[in-house]
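Each of the two complexes below includes subunit A, the first together with subunit B, the second together with subunit C.
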Partner chain A sequence: MVTNTRTVAVHVPVLARVEGEGALHLRIRDSQIEELRLEIYEPPRLFEKFLEGRSYEELPELVARICGICPVAYQMSAINAVESLAETDPGPWVKAMRRLMYYGEWIQSHALHIHLLAAPDFFGYDSAIAMAKDHPRLVRRGMRLQDLGNALIRLLGARSIHPVGVKMGGFHRAPALKEATALKVQLEDALQDAEDLVAWAAGVGVPARDQDVTLLALDEPGNYPILDGNIASNRGQSFAVSEFEEHIFEHQVAGSTALFSLFDHQPYLVGPLARLNLNLDFLPESVRKLAVKTGIHWPSGNMFHSMTARAIEICYGITDAIRILEDYGEPGHASVPVRPPEGVGYGATEAPRGLLWHKYELDGKGLIRSARIVPPTSQNQARIEQDLQHSLTAFGLDRPDKELQLHCEQVIRNFDPCISCATHFLRLSTERL
Partner chain B sequence: MSYWRVLGIGSPFGDDQLGWHLVSALESLLGTTESGTAAPFSVMALDRPGSGLIQALTGAQGVVVVDALQHMGQTGRIHRLTVADLAQVRGCFSCHSFGVAEALALADELDLLPEHLLILGVEMSASALGDEVSPAVAAAVPELCVLINQTVTEWHSHWPGLDREVKTCV
Partner chain C sequence: MDTSPPGIKPRLAVHKFASCDGCQLTFLNMGETLLQLADMVELVHFAEAGPVAPDADVDIAFIEGSVTTEHDLERIRQIRSHSGFIVAFGACATAGGIQALRNFADAAEWVSAVYASPEYIDSLATSTPMSDHITVDLEIWGCPPNRDQVLGAIRAWLYGTLPAQSQDKVCMECKRQQAVCVLVARGMPCMGPVTQTGCGALCPSFGRGCYSCYGPAEALNTDSLCGWFEGLGLLPADITRQFRHVSNSAPQFRDAAANIIATDAGHGH
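Up next, the complex of A and B:
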C-alpha cells in the first residue's frame, strides 16, 4: 500500500540506449523529489589538451575522433573557428558541399536515434531488436535512412565514421558528377520514406508535458541553421559566436565528469526541437507544410515532440540535399588556402544534438595554444535535470519503481544525449525514503 | 562488393587489434593470388561498426565475422560462435548499447543475415589492452586464415556461379 509518507529511492546504474556512460540517482521523500542527480562517470577525455601544440591543419582529422556519430559536426565547428580567424571565404561550392555533408550526419544520427534508441520505449519494447520482430518494416525504413545519411557523408568524406575528405578551406577532392548524380537519385527515392516517417512519428502517442523552456540555436540568415550565424534565443537575445563565453557559463557538478552549462544563469535547450521551434519558417515550403500537417503546435514546449522534430529534420535534409545536387558541378578547386594569423578563432555549428561551440588560440606558426569545445549534451544537462523534475512530478511519483525508471529513461532519451561527447550511458538509482 | 566477405572488427588497442591484423594478413595473401585470378573473397576492417555492421552484410552470400573475445581462460583460443551465443553477452561491451551482438541479432530479426555466416572469436589475454597484440593472439592469425580459406572455398562449392570480385575497404 502506497502512503504519502513513503520515501523512495530509484537508482538506474546504467541507462541503456544513450551514447556514453552515465547514471541517474533519484530520491523521493513523502511523495516529493528530494534529490535528482544526473551523474556522468565516463572518464574525462581531456581532448582539448591533446590538441595543444598541434597544427590547425590537423584539426579536421583530430576532432573527428571525438565522436563516431557526429564527427562531421566537430570537423565543421573547428574549421568554422579557424576560417573565421583567417577571414577565409571558402566560396559557394564549398559552403554548399559542407551543408550537404552535414545533412548526411543529421540524417544518419536522427534515423539511428528514432529507430534504434527512442522508438522501442513508445511501444513497450526493451530494444530495437525486440521491436523488429513485430515492426520489421519500421526498423528497415530506419536502417535505409541511416544508410542514406552515411552515403551522403561518404560522398565528401570518403568514409562515414571519422571522415577524412574534409580539410581547412574545403575538401581534399570533389565528388565526380556521376557520383553526385547517383546519390541524388537515392535521395529522391528516400523522400517518401522520410515523409512517411514524419507522419509516423507525429502519430505516436506521447505524454502532454508542455514546459516554458529557453531555447538556443544558430540564427543563419535566410536558412534553416546549420553552419553559420549568431546564436539566438526564443527570449529575443542574440549574440555573436565569439561572445558565447559572455553568456554561457560551464560549471563542475559533484559526481559528474561533464560540465553543466547555464545561459544567463538558467538551464536551456539546444538541439532539433530548439532549432525547429526557432526556425520553422526557414524550412522549404514542402517540409514546413508537412510539419504543420502533423497537428503539433509549433513552437512546442513538449520534449516528447523531439522525435517528430528529428523526423522533420531528416525530411528537410533530404529535400535540401536534392536541391543542392540539382545544380552540382565539379569545381576547379575543391578548397581554398587558409592562413590564420596568431589569435583566437571561434566557431559554432548545429550538430545533430544541437549547438557545438569551439574556440582555438593559435600562435604565429599556426600551432594550437589552447582549445575549448562545448558540446550540445553538456549544454543540455541542466535542462535534462529540470525536465526530469517536471516530467516525473507530472507522471506521478507514487508510480511503481519500474514505471518511474522507464519514464526517466524516456525523458533523458528525448535529448538524445551523447555522453561520450560530453565527457565526457546512464545508470538510475531511486530511493524512496 | 564481393558476395563473399571477411569482416575483421577491432580497435587500435592491444589484443582488440586482432580483427585488423587478420585483415592485413588476408590482404597480403590475396595480394599474392596468381595474377588474372579473382580473389575468393573481399576483406573489410571495421571499427565499432554498430548498426553499420548490417550494411556491411547486405547483399553478401557468405560472411565471416572475426572479433576479439573477453579472456575466458586460454588466450588465443578460437571459438566458433552463433548469433544465439552472442545474445548471452549483448550489451556488455558496446558503448551505445549496440555492438556486434546487437547488430547481428537485429539483422537476424530483419532476415538480413547472409545465407552462410561464420562468427569467429579469439580470446584476448587477461591484461588485454596494451599497445601490442599478445603472442598467443598473434599466433591465432595464420590458423584463422586457413580456417577462413577452407570455409569460403566450401561455401563457394555450393554457389559456383557467384562473382568473386574483390574490394577492400577500411
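Up next, the complex of A and C:
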C-alpha cells in the first residue's frame, strides 16, 4: 500500500481548446478528491430576457448569436418550437434541406473538435498548429472536412457563421440545381477522407474508462436523430419534447454560477456518443459496418470513444447528404407560411454537442412573452464533473500534477463543452410565467 | 512550403470577451490558411486554438466580444498595456453586440430574473465596445466579419499600413451584383441603405432584407429609411426593432431608435 499524504491543488485558470472560457479547480487531500469544480466564467449575455418582446420571425437571426459554432442548431430548435405551436408541416423538401444544412454543422463542428481541439492531446502537442508540423496530412484532412461542412451550410445559408438563409417555414432561397450538383461531387470526393478518419480515430490509443451512464437523445422515427421525435433514454424512458421540464431539473451548487441538469435525479449524457449508442441501427448500412469494424463494442460507456463517435457522425452526415442531393430538385416555394397562435411552443433538435431544447411563449401578435433555452453543455455539466471524479481516480491521484492536469483537460474535452452557449442560460428558477 | 518571412516573427494574440465565439471561429475556419498564418506570425495567446498566455507582450491583438463585467474592465486595460496594435473585430467589440440590448433595459432586473442568486453574477448594467474603454487601432465590423477582412488586416499590418476599408452601403454592393432591390421591388424592410457593406450583400442576394450585421454606413439617412418602412406599413415598434438588432448600440442606430420612440410617444399625447 502506498500512503499518500500530499495535498495537491490543480488550478487551470483558462482551459485551452474548449469553446468559450472555463476553469477547473481540483483539490486532493490524502489521496482523496476534496474538491473538484468546473467553473464557467463567461459573462451572462441575458438572451432569454432580450428575446422578450421580439417577433417570432426574428428568432433565427437572434438565437444564432448565442453560439458562433452551432448557430444552425439554435435556428432549427427555435423554428421547431414555433412550427410545433403553429402546427406547420413544412413538407418533405424543407425537411430534407434542414437535415442537409444541419449535417453541414455537424461535419464542421465535429471536424473542428477532433482536429483542432481534441487530437493534439493524444499526440503530445499543445495545438493543432504545432501538430501540423509533424502530421500535416492528418491536420489537412481535418481542415478539408471542416471546409466541406462549411460549404454545406453556405449552400443554404449564404455563410457558415450566422447563416442568413433560414426562416420560419423553410428557407429564403432554394439552391440552384447546379450548385447542389457541384456540392454533391465535393461530398463524394470527401467520403474516403471521412472513412479514413473513422479508422484513424478508432486507432488512437485511449484509456479504458467504462462507466454505466444514462444517455438521452431524440428518438426520430426511422432516422438517425437530428430534427424530430421524442426524447428517449437508454433506460427505456421516453417523453415528449413538451414534457422536458417534468423530467429534467436544474439546480445550482452553492457559491458557483454553474447549473446542473439532472434527469431522474441523476447526471446524464447528451451528444454524439449518446446519439450513436442509442441509434447505431439507424445508420446507413455502409456507415454501420464502418462503426462495427472499428472494434469498439457499441454501445460504449467510455467517453474517450466520443472522438470516434464524432468521426462516424461525419461519415454519416456525408453519406446521407449525398443521398439527399442524389435526387435534388428546385421546389416551387422554398418555404410555407407559419402563423403561430397565442400559446407555448416547444422544440428540440440534436446540436453537434447534443440535445438543444427551446420553449417560447407567444402572445396573440406573435411577440415573445418568455423564452427558455437549455443547451447541451448545461445538460452535460453534472456528467463532466462525475466523469472527472471517476477518471481521475482510475488514472491515479498520485500522478504528477502536470499529468493530472492534462488528464482532466482531456476528460473535459471529450464532451466538447461549449461554454459560450452554456453560460447564457445558467438559471435556477424555472418558474417565470 | 514555409512562408515565414525572415527574422523574428511578430507576436499575435486573440482575446475573448462577452461573445458567441463566432469571430475567433473566423480564424479556426481558415483551413490551411491558418497554418500559413502561423508561419507568418507567432500565435502567443489564442485559448480556443491552444496557446494560453493572456498577459504576454504581443505586437498585434485581436479582440472579440464586448465589455460586460468589472473584470472585463481590468482585463481590457491590461491587454492594452501589453499589446502594440489592437484590432477590435466583430459587432460585440465594435458596438457592444446583440447583448447591448440590455443598455435599453433595467439590466439589474434582467439579471435577477435569470439568476436565482444574482449576487454571484458579476455583470455591468451595460455592454460596451472596446473603444469606450481603450484606444483601438483598427475596428473590423460585422457579425461575423469575414476571413478576407481579418486576413487583409493582418497582411496590411505586416506591411506597416492599414487595410482599405469600404464604408459603402450594402445598396452599392447590390447594384454591383445587379441584384433586385428587395425593398423597392418586393416591399421587404431592408436595412441595406444605412448599413456598411463587407458581407457581399448576402441577404438581398438570398431574396431577403438586410438586418445590418455590419453596422451603420457613412453618411447615412435613417430618417429617410424610416419613412420607407412606414410606407410599407411597419409600426413604430417594428421599425425600432430593425435598428435595435445586432448593432443596436452603434450611435447612429441607437439615436434612430430613440427618435422613433420619442416621436411615437409625442403622437400619443
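Convention: the second predicted complex is superposed on the first by the 415 of 433 C-alpha atoms of A that agree within 3 Å, B and C clash if a C-alpha of one lies under 4 Å from a C-alpha of the other, contacts with A are read in each partner's own complex, and residues count from 1 in each chain.
The working rule: a contact is a pair of C-beta atoms (placed from the backbone, for glycine too) under 8 Å apart; a residue touches a chain by one contact, two chains touch by 3 or more.
Quantities reported herein were computed from a predicted structural model and do not represent experimental measurements.
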Overlay on subunit A: subunit C relative to subunit B, clash or fit: clash
Touched partner set for A:60, first subunit B, second subunit C, both or neither: neither
Touched partner set for A:147, first subunit B, second subunit C, both or neither: both
First (subunit B), second (subunit C), both or neither touched by A:116: both
Contacts of A:352 with subunit B and subunit C, given as first, second, both or neither: neither
When both partners are placed on the shared chain, which of subunit B and subunit C touches more of subunit A: C
Touched partner set for A:129, first subunit B, second subunit C, both or neither: both
Stretch in clash, subunit C with subunit B, out of 113-121, 149-157, 221-229 or 257-265: 149-157
Intersection of the subunit A residues that touch subunit B with those that touch subunit C: 16-21, 68-69, 112, 116, 127-129, 132, 139-140, 143, 146-147, 150, 160-161, 420
Sites on subunit B touched by subunit A in the complex: 47-48, 50-52, 54-55, 91, 95-98, 102, 105-106, 109-111
Subunit A residues touching subunit C - in the complex, by the definition given at the top: 14-21, 42-50, 54-55, 58, 61-62, 65-69, 71, 108, 112, 116-117, 120, 125-130, 132, 139-140, 143-144, 146-147, 150, 158-162, 164-165, 167, 172-173, 252, 255-257, 418, 420, 426-429, 432
Residues of subunit A that touch subunit B when the two form their complex: 16-21, 68-69, 112, 116, 127-129, 132-133, 136, 139-140, 143, 146-147, 150, 160-161, 420, 425
Touching residues (chain side subunit C, partner subunit A) in the complex: 16-26, 28-29, 31-32, 34-35, 38, 43, 47-52, 54, 68-69, 72, 97-99, 101-102, 105, 107, 110-111, 113-117, 120-123, 127, 143-144, 146, 199, 202-203, 205-208, 211, 213, 238, 241, 245-246
